[in-house]
Structures are given as structure tokens and as C-alpha cells.
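What follows is a set of structures for review.
Paired with chain B in one complex and with chain C in the other, chain A is shared by the two complexes that follow.
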Partner chain A sequence: MKRWLKISLLLMPGLGLILIFIGSVVYIAIAQSFGYFNLSGESGFSLEYWAKMFDRLSYSRAIGYSLYIGVASAFLAVIFAYPLAIWLRRPFAGSLFISAVLKAPLLVHGLVVAFLYINIISYNGIVNQLLQALGIWDGPHRLQNDSGAVGVLILQTWKNMPFALLLLSGAVQAIGDDLLDAAADLGAGPFDRFRRVIAPLAVSATQAALVIVFVGALADFSFQVIAGPINKQSLSQLMVFFKGYGRWHDAAVIAVTLMGLGIAGSGVLALFSRFVLRGGRLS
Partner chain B sequence: MNTVSVQNVSMRFGDFTAVDDVSFTVADGEFVTLLGPSGCGKTTLLNVVSGFLQPSAGKIEIGGVDVTFVPPEKRDTAMCFQSYALFPHLSVAENLQFGLKQKRLPAAERKQRLNDVAEKLDLVAQLEKLPNQLSGGQQQRVALGRALTMRPSVVLFDEPLSNLDAKLRESVRLEIRKIQADYNLAAIYVTHDQGEALAMSDRILIMRNGKIEQSGTPTEIYNFPQTSFVADFIGDANILDATIIGQESEDFWRVSTEIGELLVKSDTPPIAKRLKICWRPENAQFGAGEMNSIEAPITHRAFQGNYTDLFIEMNGVAQRVQWRRSHLEDITSLSMNIRPEDIIFLEAMT
Partner chain C sequence: MKRFSLNKMLVWSLFGICVLWLVIPFTLAILWSFVDPSEPWTPDHLLPPVMSFARWEYLWEHSSLKVAMLNSYLLAPSAALLTLTLAMPTAYALGRLHFKGKEAVKLLVLLPLVVPGFVTAIFFTAILFQMGLHAWRFGAILFAHSILFLPYAIRIMSVSFEQVRQNHIDAARDLGATPFARWKVAYFPALKPGVMATLLIVFIYSIEEFAIAFIVGSPNFTTIPTLLFTNLGANFIRPNAAVISLILVVPNVVLMLFLERLLKSANPALSSGKG
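The block that comes next holds the complex of A and B.
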């Protein structure tokens, strides 16, 4: 058998699936956003759907809001995961248990977490009751669906931090003790050891964590619907809204926007994190 | 003046005592080697001096200041690691300047120190390279240079040559010694290689089970080992159980051993009636002599290049002899003698 044919056949199960399933979905979404694959009328090339969408205030607001959720969630997850990864770098009594508990959110579905969360912070939930009992608040406060999307960010961070921790732990554990000892011996305190040794050496894992959390949070739907602000829509919400009214071309425009933002945002985040963690250098 | 003073230091990990009540000093410009087998506590002791470990008991002074509980980043020491521990994401120049930036030295001084060390260690052409683009010897020199740029009071070496091949090891150890002398640094060097210790040190501390078994200059340690462990660890030694029969004259003692009666010349009297004695294989005199003559069959031989190891057996006891001649195929038995001054009294038998 020819070498190229053998290689192609071996790659087929993995690469083939990606090309067929993801490629076809991406192709249809892009084509539909330009007027093709019309389910209820004539198909043909058109920029009308994009033009109308750019004129909508809800579209630009949804872009801004989704980017905010995506970027903030990514950074919060990584910021919380880093100290834990460093703390758990060397095994100690109970470290395995702590590590397992920290990763528990990976096993709980986001919808369940969101429902639990709104129960806790509801008008008569335990947070309100506790703060009143402690005399901090006189009466109950409305915490649900806050306009700053703090609830969504808490849920995103809670759900994604263990994933970031998983990635960062591997990278941090791979850094030898002797490197950190050498840095300490040369006068670097704990923060400088992080800044000058750990962060630059774990930059790839940080990039991966930021990008994966960002893409997931950018397209968040469930947390937004249950715990998100009622006066703001995420791109996913907007897409589902259009799809609900059978406006597939508008929904496709949002889908392509999400994909574009996902790719561009990932690139920017990856470059930004490399630049910052490598002390102002990209190479 | 003593740069480093280690006073009654012990280091325990749970029930295990890695370093047990050790004391020693290192003077300005002195090169002291901690020598011993794996697990004897030498690296632990070095880590206590560098600050990576806090001792369970005892005190460490550097330059007269108590630094026992001072973290490594605040100690005036610099360490050369066994693995070199070069920062893989930084160029050679950045590695060399790591500590200088940490100290916030002005750029001009950093550059001057960098150039000075790079020139001395022949690293000028490598400054822009990453560590993984260097050979083992070059990496070792960068590790040494990184420590030297700090101009510490004391430089610590943790088996820095163990990853180099034999030829390179020899040249680098000369380089290390020369640079240490040029900068007049106090140095503590950890190794399990006795050749390295003998060639480089002003003083050797031989460690065993967390304690210092013997300390002295290389010649003292080699020529006058105090215990069978030291005699065997430094160089080759034939160790025998002996019983003192009597004193022949002021410095001469007659002993009975498994290979027969021997006459021993010693300035110091034996510490017990039953004790260990040793003699070095290279001190055997070939041919029968007036004293301590031995004749025995050769059981096997090993050609070593510039000498041949001959193994003889007497009364079931194997003894090793080194002969400078290489053509020994026709010899089946050996006639030799040991000079009384070449036999050393060791510790009492338990």
C-alpha cells in the first residue's frame, strides 16, 4: 500500500470526523448567514442578514456582553487556579483529597449548579437569611440575575476553575524543584519565582486554559438563562431567540459571529498571556 | 577568618536522622569537600547551609551572622546544582544575569559582571543561545558563571560534575578550582567521587550515616585514615583484623593477622589490643624483604592500563596488589613485602 494512502486511512477516524462533522456545520452556518440553505424560501447569496444584524443594538450589546463574560471568566478561572496549582505542586498529607474535591465541579452539570446557586442567593435563600441573622442586612436583598452578571461569573469560575487547575497543575508539576531552588538561591522570593520561572514555563498551559475557558464562556447559554441579568442577552441567547422564530439566517449570522469571536479572542488571549507571562516578549 | 561556621547541626526527617550533630568551619578562600557514599547526608547538609532546609538543631553562621532561619534568597551563598538548573526559557546571558537583576544592580554593573564571567568561562560566543543548545560542559560553565556573577561569600557545589564524561570532568574540575582561587571564594563541594575530592580540596570531610567520620587534608586522609570505612572509601585498601602481640621498639609493633605476623611502624600507639589495620595495594614492594615478607599464589589479575591489579590469597584471605608492570602473564605466584611504615592502625574491633 502506498505510504500516503496508509497515512490517510490511519488519520481518517480522527481527522475525518472533525472534517465531516465540524467542517459541515461550519460550512452550513457560514453559507446560511449569506442567504444559502433557506429552509422556507429561495436560497441565494445575500449580505442582507449581516447588514441588518450590524444595525441592531441588541447584536452589538450581545457581542460586548459575551466578550465580557468570556474574558472575565477565563481570567478568573486561571487566577484562582494558579495559587492552588502551586500549593498542590508537592504532595502532602491530604493533598490528594483536596485535589479531588477541587475537581468535583467537573462532575456536576452546569444547569444543576446554576439552580443550586439561585436557590442559595434567592430572596429568601440562605445567604440572605444568614446576613440578616448576623445583623449585616436589615432585610432581604435581591441578588438573583444581577445586572453586573456577577452570578454568571461566579458560576463560570466555579465550573471552569477545576479545568484550568487540571491544565496548570500538570505544567507546574513539570517544573523541577531544582529550578525553583536555583531561583531562590539567586535571590528570587516567592512572587519573583512565580513571575520569572513558573509563569514563563507554564505559559502554554495558561494559554490553553484561557482559550478553552474563554470559548466555553463566550458561548454560554445555561448560566445566562438561569442566573444572568434580565436586561442583557448573550450571543447564544440571541441566537436561540432568532432560531425560535424560525429566522435561521439571523441565527447563522450570530453563530458565525461566535465562531469568529472565538477564534480572534483566543488568538488575542494567547498572545496577550504569552506577552505578559514571558515578561514582555512573544518569542 | 571563617566565612562559614556550621555548629552542631542536625537534620531529622521524622524518625530518620540525615545529619547528626555536625560541626565544621570554612575559611575565606578555602575549598572544603563533603565526601561520602549516597545517603550519608552530605547533600542534606549542603541544603541546610544554602537555606533550602532548616536544621532540626544547631546553628549556621555566614560571615559571622547567624543565618540558621534566613531563607535562601536572603543568604550570601550561591549554589551550583547537580542538574545545573539553568532556566530553559532564558538565554545564557539572561541566566547569568538572573541574580543580578534580582539584586537590582545598575545595568552597567550587570553588563560588566556578565562580560567578566563570560570571558573567564569562555562563554562569550554562547551568550545568546538557550541552555538546550549547549553541550554538557558549557551548561556546567553557565551554572558556575551564574553563581560567580553574584560574588557570594560562599559558593556551594552539589556534585556539579556528575553528569559529565570522565575527560571533561577532569578539565572542568581544574577550571572550578582555578576560578574559586581567583575569586578567593569559600567553597563547599559535595561529591561521592574520591578522585575529585582528592584533586580539588584543601580539606575533606568524610561523612557516614550523617556524621563526619574524619576530616583533614587530602594527603592526611589518604595516608592516615582513622577507620576502615575511610581507608576503603578513599583509594583502595587491604583491611585486616589484627591482634597486638607486643611492642618491638619505640614505634614498632608486632601484630598477628590472618595473613601472618606483621611489623607495624606507627607514631601513635594502637587504640586497642584487637583492632583493624590496613595497607594500600600500591605500597607493596616486590621481592622478599627483611620484614613482612609474603609469598602467595595469584588468583586472578585485572589489567588497568598503567598498572595491573593482582589478587593473591593467603589463608583464605584475598589481598590486592598493584604492580606497575603490564606483562605479567607468566607469573603465577607473588613474592612481596610491606614496609612497616606502610601499615596503618585503624579503629578497634568491636
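The block that comes next holds the complex of A and C.
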């Protein structure tokens, strides 16, 4: 058998299926957003669905809101993970246990996390009772579905910080002691050592953490539905809403927007983090 | 000394945070799951006044929990086996053969991880509609899960295939081993941890997967996550949601810990029999 044929046959069940089905998903989403694959009428090229969507206030608000959740979650996860990764760089008594506990949220399903959270912040929940007992509040406050989406950001950070920690720990641990000792000998304090040694050497891991958390949080559905503000919709929520009413073309426009924002946002975040962590240089 | 006391302080503050973020939420969930329907747990009580297994029994007998568990626990092992089977040839090519474009193939297999879950779910449903397969929900979700989790299986198994030592294969061949015997003595010991890790990781991800099960399966086909989602929305009854949360999280935590142990043991030297 010819070598290329053998390799093609071997790649077919794995890569072939991925390309056919995920490729079809992407292709159908793009095609449906331009009027093709109409399930209930004439198919043909049309910009009508995009034009109508651009006129909708709910669409622009969903873009802004999803971007806010994506970017804020990515930065919060990395900001919390960085100091922990540096602290746990060198092993000490109990560091393995701490590391395991910090990574525990990775094992908990997102919906369970959301349940645990709304349990705590419920109207008569532990947070309300504690703040009343301390005399800070006179009566219980409604904390669930807050308009600033603080709940969603807390959930995203809780769920994603361990992942960012996992990526950053590997990068930070790979930095040799001799480099940091040399910087310290040259008079660099802890912040300078971070700014001039650790941050530039951990750029790739930081970029990976920012991008992965951003893409996941940008497309969030379940945290938003359970704990998010009721007067705002995320892009995924809007897409599911349109699909629920059989409006496939509108759902497709949202899907393409989501994928486009994911790619563009990832690029911007990767460039921005490289620029900042390398002290204002991109190369 | 300075570092030691700083660590001690940080450890204690982290302990406080862990209590706040892990112990309290899970303790509350466990307590809520034991609240007896005869006596509600009101804010003036520190602990539920009456505790029993009534909620667990009620959900088991009168909700779709049994069906959801059956669906989830049938779906997950089937998805694990199907994904492993589909991944093996590609993983073999990536792990054992050298060909042009190999790096591009490695990148392309990650495609399912790049497309947002709900986009995949919704437009996969569109494909099923076009193929007329939307009526067979179990098969549709099984197929979708297998494709979605192929990147993990291919990645793990290609690393395992790389760890198979060529001198073991050559030695077996020189001693007259048949292709099957060669597979048994040279390949299998090196692949075993990878196979187990793939089966476990796909099993866990399939049990936890929500978007596809929710979009493709709704309204008739329930899994544990879709049932939990329903119980967190319009049908929100806190003790019931607590029971389903614990059913979803506890087996997975145990399996994940087992997986971590397994991955730690997947040392190439050990698996290939060489120190």
C-alpha cells in the first residue's frame, strides 16, 4: 500500500471525523448567517440577517456584556493565579496540600459551582446572615442575579483560576534559581524580579491562560443563566434563545460573532499581555 | 526564618479561604440534601431541625433522576469506548510515523476545543436535522461526545504510542512473535496507562458535558447535568438541587483522583519495562 494512502486511512477516523463534523458546524453556522441552509423556506445569499441583527439593541448589548465577562474573567483568573504560582514555586511543608486544594475547583462541575454559590448568597443564606450578625446590614439583601454580574465573575474566577494556576506554575517553576539569585544580587527587589525576570519568561503561559479563560468565559451560558443579571444576556444565551424559536439564521449570526470575537479577542489579549509583560516591547 | 513565618501566615490565610470557598459551600450542600420535607430549614436554625434521607428517596422514586443516571452512565462508557476506538489509528500515525504536515495535523485535531460548546451543540443539531437523525437522541449525543472529546484521546494516545520502544518490537519480531503477540508484549504494556487515562477522561467529560446534552437532548433526553440545570432554574427546590449536585460531583471527584494517580504512574520507563 502506498505510504500516503496508509497515513490517510489512519487519519480518517480521528482527524477526518473532526474535520467533517466540526468543519461542518463552522461552515453551516457561517452559511446560515448568510441565508443558506434555510430549514423552512428558500435558501440563498442574503445579508438581511446580519443587517437586522446590527439594528437590535439586544445584540450590541450582548456583545458588550460577553466581552466584559470574557476579559474580566481572564484577567481576574491570571491576577489571582500569578502570586500563588510564584509562592508555590519552591516546595515547602504543606505546599503540595495547598496546591491540591487550590486546584480542587477543577474537579467540580460548573453547574455544581453555580449551585454552591447561589446557596451561599441566597436571601437567607450564610453571607446575608453573617453581615446582619456583624451589624453591617439591617436586613437581608438580594445578592443573586446582581446587575453588575459580580456573581458571574466570582464563579468564573473560582472555576478558572486553578486552570490558570496550573499553566503558570509550570512556567514559573521552569525559571532557574540562578537567574532570580543573579537579579537579586544586582539589587532587584521582589517586584523588579517579577517584572524583569519572571513576567518576560512566563509570557507564553500567561498568554495561554488569558486566551483559554477568555474564550470559555466569552461563550458562557450556564453561569449567566443561573447567577447572571436578569436584564442582560450573554451571546450564548441570545443564541440559545433564537434557536429555541427556530430562528436558525439569527442564531447563526450570533455563533459567527462569537467565533469571530473569540479569535479577535484572543489575538488582542495575546498581543497585549506580550506587550505589557515584556516591558512595552512586542518582540 | 523570614520566609518560614511568611509561609506560615500565608498557609493560615489560605486555610481560611479554603474553608470559605470549599468546606462551607459543600457542607451547606450536604446539609441541604438532608433537610426533611416535614420541617423546613429556616434562618433561625443553625442546622436543619429534622434530617433524613427523604429527599434522596423522593428524587430516586419520583423524579427523572433514575433515567438521567441511566442515560449518563450508559452514555459515558459508550463515548469512552467509541472515542478510544476512533482515536487509535490517528494516534498511531501521530505517535509512530513520520510524515509531512504532522504538526498541522496535531493542531487541526484541537479544532473541537476551539469552537465554543454551544455553537457546536446548536449547529450539530442543525446537521442532525438535515440528516434526519434528530429522533435518535442517545446516538446523536454519543456521536457528538465522541467527536468533541477526540482531541484528548488522540493527544494522550499519541504520547503513549511514542513511548513504545522500537527495540521491544524488534526483539519480539526477531523471536518470531506473531503480529498479535508483538502487540501484546511490546505495545500493550506501554499503551495501558494511556488507554486507561483516555477511558477515564472521556468518561468524566461525557458525564459532565452539558451544552450538547441540553441542546440535542432537550426536551426528552435527560442527563445528570441537564437535570441539575432544570432544578436550578424554573423548578428550583434547594434540597433537590443539593442532592443532584452531590450525585454529579462525588463520583467524578473520586474518578479524577484515580485518574491523577494513573497519569502519575504513566511513566515511560515503567510502562515499557525499562528503568
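Following the convention adopted for this analysis, the second predicted complex is superposed on the first by the 265 of 283 C-alpha atoms of A that agree within 3 Å, B and C clash if a C-alpha of one lies under 4 Å from a C-alpha of the other, contacts with A are read in each partner's own complex, and residues count from 1 in each chain.
Rule of thumb we're sticking to: a contact is a pair of C-beta atoms (placed from the backbone, for glycine too) under 8 Å apart; a residue touches a chain by one contact, two chains touch by 3 or more.
Everything numeric here is computed off the predicted structure, so don't read it as measured data.
K.L.:
Are chain B and chain C a fit on chain A, or do they clash, once the structures share the same frame?
P.N.:
In the arrangement built by aligning on chain A, the partners chain C and chain B fit side by side.
K.L.:
Just chain B (first), just chain C (second), both, or neither: which does A:M239 touch?
P.N.:
second
K.L.:
Is A:F92 touching the first partner chain B, the second partner chain C, both, or neither of them?
P.N.:
second
K.L.:
Once the structures are superposed on A, label A:G189 by its partner contacts, choosing first (chain B), second (chain C), both or neither.
P.N.:
Only chain B; A:G189 stays clear of chain C.
K.L.:
Looking at the overlay, what does A:V197 touch: chain B (first), chain C (second), both, or neither?
P.N.:
first
K.L.:
Which partner, once the models are overlaid, touches more of chain A's residues, chain C or chain B?
P.N.:
With both complexes superposed on chain A, more residues of chain A are touched by C.
K.L.:
Using C-alpha centres in the superposed arrangement, which angle lies between chain B and chain C as seen from chain A, in steps of 10 degrees?
P.N.:
Placing chain A at the corner, the angle measures out to 90 degrees.
K.L.:
Thinking of the overlay built on chain A, is A:V25 touched by chain B (first), by chain C (second), by both, or by neither?
P.N.:
The answer is second: A:V25 touches chain C but not chain B.
K.L.:
How far apart, in Å, are the nearest Cα atoms of chain B and chain C after the overlay?
P.N.:
8
K.L.:
Could you please specify the touching residues of chain A with respect to chain C in the complex?
P.N.:
Per the touch definition, chain A meets chain C at residues 3-4, 7, 9-15, 17-19, 21-26, 28-29, 32, 37, 39, 87, 92-94, 98, 101-102, 104, 106-112, 114-120, 122, 124, 126, 129, 158, 215, 218-219, 221-222, 225-226, 236, 239-240, 243, 248, 251-252, 255, 258-259, 262.
K.L.:
Please output the residues of chain A touching chain B within their complex, sorted ascending.
P.N.:
That would be residues 176, 178-179, 181-189, 192, 196-197, 200-201, 278 of chain A.
K.L.:
Can you list the residues on chain C that touch chain A in the complex?
P.N.:
For this pair, the touching residues of chain C are 7, 10-11, 14, 18, 21-22, 24-26, 28-29, 32, 42-43, 85-93, 97, 99, 105, 108-109, 111-112, 114-120, 122-127, 129-130, 147, 150-151, 154, 208, 210-211, 215, 225, 228-229, 232-233, 238, 241-242, 245, 248-249, 252-253, 256-257.
K.L.:
Mind listing the chain B positions that touch chain A in their complex?
P.N.:
Against chain A, the touching part of chain B is residues 50-52, 71-74, 77-79, 81-83, 85-89, 98-99, 102-103, 146, 150.
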